[in-house]
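Everything on this sheet refers to the single structure shown next.
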Amino acid sequence: MAEKVGVYVCHCGSNIAGMVDVEAVAKWAGANVKNVAISKDYKFMCSSLGQQMIEDDIKKEGLTRIVVAACSPHLHEKTFRRACQNAGLNPYLCQLTNVREHVSWVAKDKAAATEKVKSLVSAAVARVTHQEPLEKMFVKVNPRTLVIGGGIAGLQATLELADAGYPVTLIEREPSIGGHMAQFDKTFPTLDCSACILTPKMSEVGQHENVTLHTYAELEEVSGSVGNFKVKIRLKAKMVDAEKCTGCGICIEKCPKKVLDTVFEAGMGNRKAIYTPFPQAVPRIPVIDTENCTYFTQGKCKVCAKVCPTEAVDYEQKDEIIEIEVGNIIMATGWKLFDCERIPQYQYKRLDNVYTNMEFERLCNAAGPTNGKIVMRDGKTEPKSIAIIHCVGSRDANFNPYCSGVCCMAALKFGHLVLEKTNAEVYSFYIDMRAPMKDYEEFYQRLLTEGMHFVRGKVAEVNNAARNEREGGKLIVQYEDTLLGKQKRMPFDMVILMGAIEPQADAKELGLKCGISCSMAGWYTERHPKLDPVATMTDGIFVAGACQGPKDIPASVAQGAAAAARVAGMITKGTVMIEPIVASIDEEGCSGCKICNTMCPYNAIEFDEEKSVSRVITALCKGCGTCVAACPAGVITGAHFNNRQIYSEIEGILWDAQPAEVASG
Amino acid sequence: MAHVTAIKKGTFLEQVVSTTPNGERLLHCMQCGSCGGSCPSGGDMEYTPRAIFAMIQTGEREAVLAANTQWACVSCYFCTTRCPQNIPITDIMYALKRIAIAEGTARNTDAPALAKTFTDLVDKYGRSFELGLATRYYMLNRPLALLRMGPMGAQMFTRGRMSLTPTKIKKIDQLQAIIKKAKELSGKK
Amino acid sequence: MSFEPKIVGFLCNWCSYRAADLAGTARIKYPENVRIIRVMCSGRVDPSFVFKALSLGADAVMVAGCHPGECHYLEQNYKAMRRFHILKHTLRAMGLEEDRVRLVWASAAEGQLLAEHIEKFVADVKKLGPLNWGHNWAENGDRLHALEAIVKEHEEAMEVKS
Amino acid sequence: MKYAYYPGCSLEVNSAAYDVSVRAVADLLGVKLMELDDWNCCGATEYFSQNELTACSVIARNLALVDSQYDQLVAPCAACYLNLAKVDNLMTEHPDMNRQVNECLAAGGLKYEPGSVRVRHILDVIYSDIGEAAVRDKVVKPLAGLKIAPYYGCQVVRPLKGVDDTEYPTKMDELFAWLGAEVVDFPAKAHCCGGHMTQISDAQSFELIRRLLQNAEDSEADMILCMCPMCQLNLDAYQSRVNNYFNLNFKIPIVFFTQMVGIAFGIDPKSLGFGKELVSAMPVLQAKLNGKMVMA
Amino acid sequence: MSEATATSAKTKGKLAIYWAASCGGCEISILAIDEKILDVGNAFDIVMFPCGADGKVRDVEQMPDGAIDVCLFNGGIRTSEQEYMAQLMRRKSKVLVAFGSCASEGCIPGLGNMSDRKQIFDTVYKEGSSTYPVNPKDERPQAETKMPEGTLHLPIFYDTLKTLDQTVDVDYYLPGCPPEAENIWKAIVAILEGKLPPKGSTIGVNTTVCDECKRTRHEKKIKKFHRTWQIIPNEEECLLEQGLLCCGLATRAGCGSLCPQVNSPCIGCHGPNDGVEDFGARLMSAMASVIDSNDPEEIDGIIKDGIPDPVGTFYRFSLAKSLLRRKNKAAIAN
């Protein structure tokens, strides 16, 4: 049966009509394009009158297919599908072809633009006649949410959801929640104590009736899709039975093995082989670091087991994999510090008194290895001069082109702490001082008056090749004072490198497990950088905090709360719609060659061993069509983008370029 | 290369960028000063490279070509490897030297004369000839310095480190043909 | 009139199609020669789409997707890349100029880049001239003549009453 | 192991010690260096400041002369090394440059395919291709008790990355550790000697030389080892003038690193070119190496 | 249906078997139905079978249109005479079957589409070792030769081999090079019984060789393609997984996976499944998809090293039927 296609060419005011002869296109389509029953042009197709016109024509003229030549489908596809639906036509029998963004706004020549529109209309008509009615699918949303990462963003998201009455599972790979914020002493610009504001949140999470907390746990595998994810979590063996442990801490106290703590103490202090990262850890259950524990490395010791009053130490404990079901996932996996050794001219690790920002955080921290005393590596000498070097590994095409955002403020905070705690002179070497958020500029002004020195210039090198007495034994910072246009050298006792904030080393790998992508730099890609900053391209997966880009504490907290709000919305609604643009396999024709199974990154194609055929799990399919293109037997169909539809579109789009002569006849 | 189109034709900036391989990186300069800080001759420069870049961008052609910056450059490449924007700074210095020599705007330096004397000898023999270079260059440009060089030159002789005659390569014609062609081609540009 | 190539562009829904949208929104001008077909992913592009377009008279084909490693569907553009290489290998053997099919990457933010790719591609195809693949199938002029000669020879025998 | 060898002009005369010691050491290590027939000057930095295409073409002639049986060309001089490698890179990355340079080469009946010759520095060859075991194997006179300051200079380690760290190179340090020497921490090890600036400005160049000598002395080094003829010349031949200029009294021998490798391998000092340095190395060698060193 | 019904058919139909550009294997395959050929003889009058029975073109020409019940036409169309015969047989037959790979897809003669007439003639009449001493003046066949007795005609030779359906309307296709005797018999029975599928169908099953292949298979990832002489494949596992370019995964089943059974990769003679527009494209797409690399240079290397002749690999049987049909004439050296 021949289809009756209605073609509607939009003027979009003068947006399209200014560059395309829309009337001519409409006339041409009506007269020349096969299956076109009606062809019209109209001022604004997306207006209610435009939509009404389509609805009326469907009803009155019995149109079976609709083509609208207007703007991008990303803008108005839904609008015209809705109009069709209102008129009783399946919405997937409507095709919107983009003649504004792709033609009128980019074209230079009206005649050529008009011809291009003709070919796009011809393609759309050819395609739409082969389109098939599709039904939208709805799935239920599991109210439980998985939050990955127990830093401040993850904690905030967890609490928002838990307080709203929804169950949350929070996983954290370290033995305690708290994240980087737990390592800090003070927070800018208010200078309130980090622990004072963080620890109450940590214990709230630890005790919340709606929160299931797994520390020392990592994500193993995610399957399923929005509403119904299945998640496998590896609970790493703590070697301590959480049920029996009271958190008394005597095992830690008695453990004879000291280990350099490169995580929480950033290499500035020690911990024991059985440990909690810090005293206020949540949960308070210690873990045994089996790589360093004497019992595990040498076969004897067992002091911890001997002293434990509840017999909680269990050397036989093994990693355990649990499986949970959740409706949504919030990624709050945070960041890692740039490896400052990668910039050899700053001599980190080669010269003793060059520090990273995280090392200096611990040095300042009242609960840190020096009890908050700012001293040099010898552990006793107070520095008389300190240089703070900005942009170490950020704003640098050799490492990370982006600005880490928070380091300028952190440098000001360091400056303040140095001036408060010591008599040292403190210099900040910056390229641009960035202080854009609330009260930040004021903080900068405050440091100007507190006596911190500011030099505009990226430090060229830190060296110990003294040229004179004054430089002898010092760390010499060589730079250009760009405001004076002069090269200078200045000797210091201590240098602090403001290392860049980088994505976690395994960010890409974890993203792949969850089905979300990363930017070139490795930050998780949000659905829209401005209008949808917490959702991702994968429905049901949200991002919060610095895993999406460098962020300070207030921004991380805000994003954690925002992600939680989005998830809460989904849970409240109860169901979620899934596009019916999915692949399907004709089992009759499938010979079980297993080409397609490897193709799908979402594991949406299962193999039925008994029948020796592959089958698409519709709920998991995202509709990319890669398996369709791969199927050697041609028995996989991609709904709404099947071969017939695309071939027709190609035929239509080349309507004016048919081969000059076909040999037969 | 896509962004080169943003440079206005006929400007000094365009001249510098188009004569330096990867010169368009210059547009990324953020005036951080790591070049000026790194330079072993930084203290002797009237303008640091960073300042020169700002001047190129604003079209201060005369001042840039008269500056001693490019002549103070010792080709140590510290600025280049440290530049956070991957600007080929040393190569830009060469470009500035070329432009200045071509336009005769170099002042207060004997570097162009040294370069000319050196390459004339290579053009002629195919290899460098130090005694020739020393005598010709110093006689013409730094006669007093030649006197101070005396004792050192004598020591070099006695230790067999200076030759009285130049070495000429066998196929000097071939080299000269190549050089001739190169000059011809670059003349066309 | 100068040669205006007809080019079919297969653009992925998430990156390149949106890059083309962005080029429009930003009013970046580029030649009208590329006619865009939207596919969900560059991984959907089957070599037969390219053959189809070329056999139907396209002078060139462009396939555009997200940058490698940034696919909306995680890694499907790598599959597009693999297919594209095998496709080019075959097309070379079929005597098609290397440059008539091109795979480019443009993210949703790279409207400018996509426009540049198109501009460059159109210019390069113009240099190659028209493809006109259908002409390959035409036989030389004496085919009809020869057929007629056979018919004529057999004419007498064919005179049968039905 | 076979390599094509490009000595460069300096090694012909003013730094013959480098040439003879490179050849002697290579020979002992089983490295065959076949000198490029009829090579020409690399132009140092001088062509580049006049005409880029001429500079590249003059250099490319040498690359084009490499016989097809060699795919690696060893250049001990830092400027030669950089120029050869840089032009190969330029031609590889910029098709336009490749076309033009080859047009010039064609005028001399030559042709060069970018990437077909890998340019190497002798330090990298000894360190990477020969390696620790083979080097240690040849040591007959360990340099125990000798404190050396390894001086890398600029153009071998910058701007091309790959031979060693661009800021704090260590391959020479390691090599001399294998030979038993005490390698001092020499923070200025990759700083600039002033290059051709000695020919142009005393004030500027002498200060650069002073800094290096000062830093070596502060590090208590017995001698500075060079891997570039220009560095050796500036630090050695100008040492007395620097002393006069600043009223100082440096007396630090400056020799090529291959000369000291040769010593450790038991080659006699004369055939390594000792005696050509202006600040004599013999007193140090005799004092530190148990008085065993005698000039033949 | 029993064989008895076939043989006891009362009214005898008329059967024609014609060959155009093909090797003769199809005819041998027909004869290989063994004694059943007698049943065919019982059921049909064979009116035309140039290599098996007597029958003149003239006789066929004199038949009324549609007088032949079934024509099994094998071979592609390479000359004007073949084109004429295709038209004739079409006109005279009720059912025209493109019999075997050549008629359906062009098959090996179709690979001649990588050349043109001139190149083929050069090879045959000039460069061929057998013709060289015989043809010193480099003479070529002429369509017309004037002789004192009058003008002599030879069919003209085309640049491009066409499939039967690119020449005339075709009712059914029978795949295979040659079609297996068993399948031929099944098709004949179906015709006799009038149990034919819709017009345009390929008579046979609509799955691929993998369906009949007993080898074990896993998810596929390939780092290197081998040619058959380079490795001795394991007899248990999927040949493609071992790096052999086995076409079985895209090729219509029905042969009982003949080649893989004897440890040799399927070469694709049965053509594609229903609805596939371009057999080679399907193969290419599938094989490229499982190349185990994301690095463009490595991918290129794997492809170029492993598949030196992509057209001969992917289009060994189907070049003439493919979307592009032939090599670009402009690129054929003169």
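Letters A, B, C, D and E name the chains as they come in the text, with residue numbers starting at 1 for each one.
Following the convention adopted for this analysis, a residue touches a chain if its C-beta (ideal position, glycine included) is under 8 Å from a C-beta of that chain, and two chains touch if they have at least 3 such contacts.
Note that the coordinates shown come from a computational prediction; the quantities given were computed from them, not determined experimentally.
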| item | value |
| --- | --- |
| If a chain touches chain C and chain E alike, it appears here | A |
| Interchain contact steps from chain A to chain B (minimum; 1 if touching) | 1 |
| Contact-richer chain pair (by C-beta pairs counted) among B-D and A-D | B-D |
| Chain B and chain E, separation of their C-alpha mean positions in angstrom | 71 |
| Rounded Å distance, chain A centre to chain D centre (Cα mean) | 49 |
| Separation of mean Cα positions, chain C and chain A [Å, integer] | 36 |
| Distance between the centres, which are taken as Cα means, of chain E and chain D, whole angstrom | 70 |
| Chain A: positions in contact with at least two other chains | 345, 461, 599, 626, 629-630, 643, 647, 663 |
| Junction residues of chain E - those touching two or more other chains | 160, 277, 282, 285, 289 |
| Residues of chain C whose C-beta touches two or more other chains | 46, 48, 52, 55, 75, 79, 83, 133, 135, 137, 139, 143 |
| Contact footprint of chain A on chain C as seen in their complex | 4, 6, 8, 14, 17-18, 20-25, 27-32, 35-41, 43-46, 48-49, 52-53, 55-58, 67, 69-76, 79-80, 83, 115, 132-135, 137-139, 143 |
| Chain B residues touching chain D - in the complex, by the definition given at the top | 19, 21, 40-41, 44, 71-72, 74-78, 80-81, 88, 90, 94-95, 97-98, 101, 109-112, 114-116, 118-119, 122, 126-128, 130, 137, 145, 148, 151-152, 155-156, 159-163, 167, 169-171, 174-175, 177-183, 185-186 |
| Chain C partner contacts - residues on chain A that touch it in the complex | 72-74, 98, 100-103, 105-109, 112-113, 115-116, 119-120, 123, 508, 512, 515, 517-520, 525, 537, 581, 599, 601-602, 622-626, 628-630, 638, 641, 643, 646-647, 649-651, 653-654, 656-663 |
| Of all residues in chain A, those that touch chain B in their complex | 345, 391, 395-398, 431-432, 456-461, 478-482, 485-488 |
| Residues of chain E touching chain C in the complex | 57-58, 61-65, 80-81, 83-84, 114, 143-144, 153, 155-156, 158-160, 277-278, 280-282, 284-285, 287-289, 291, 293-294, 296, 299-300, 303-304, 307, 309-311, 314, 322-332 |
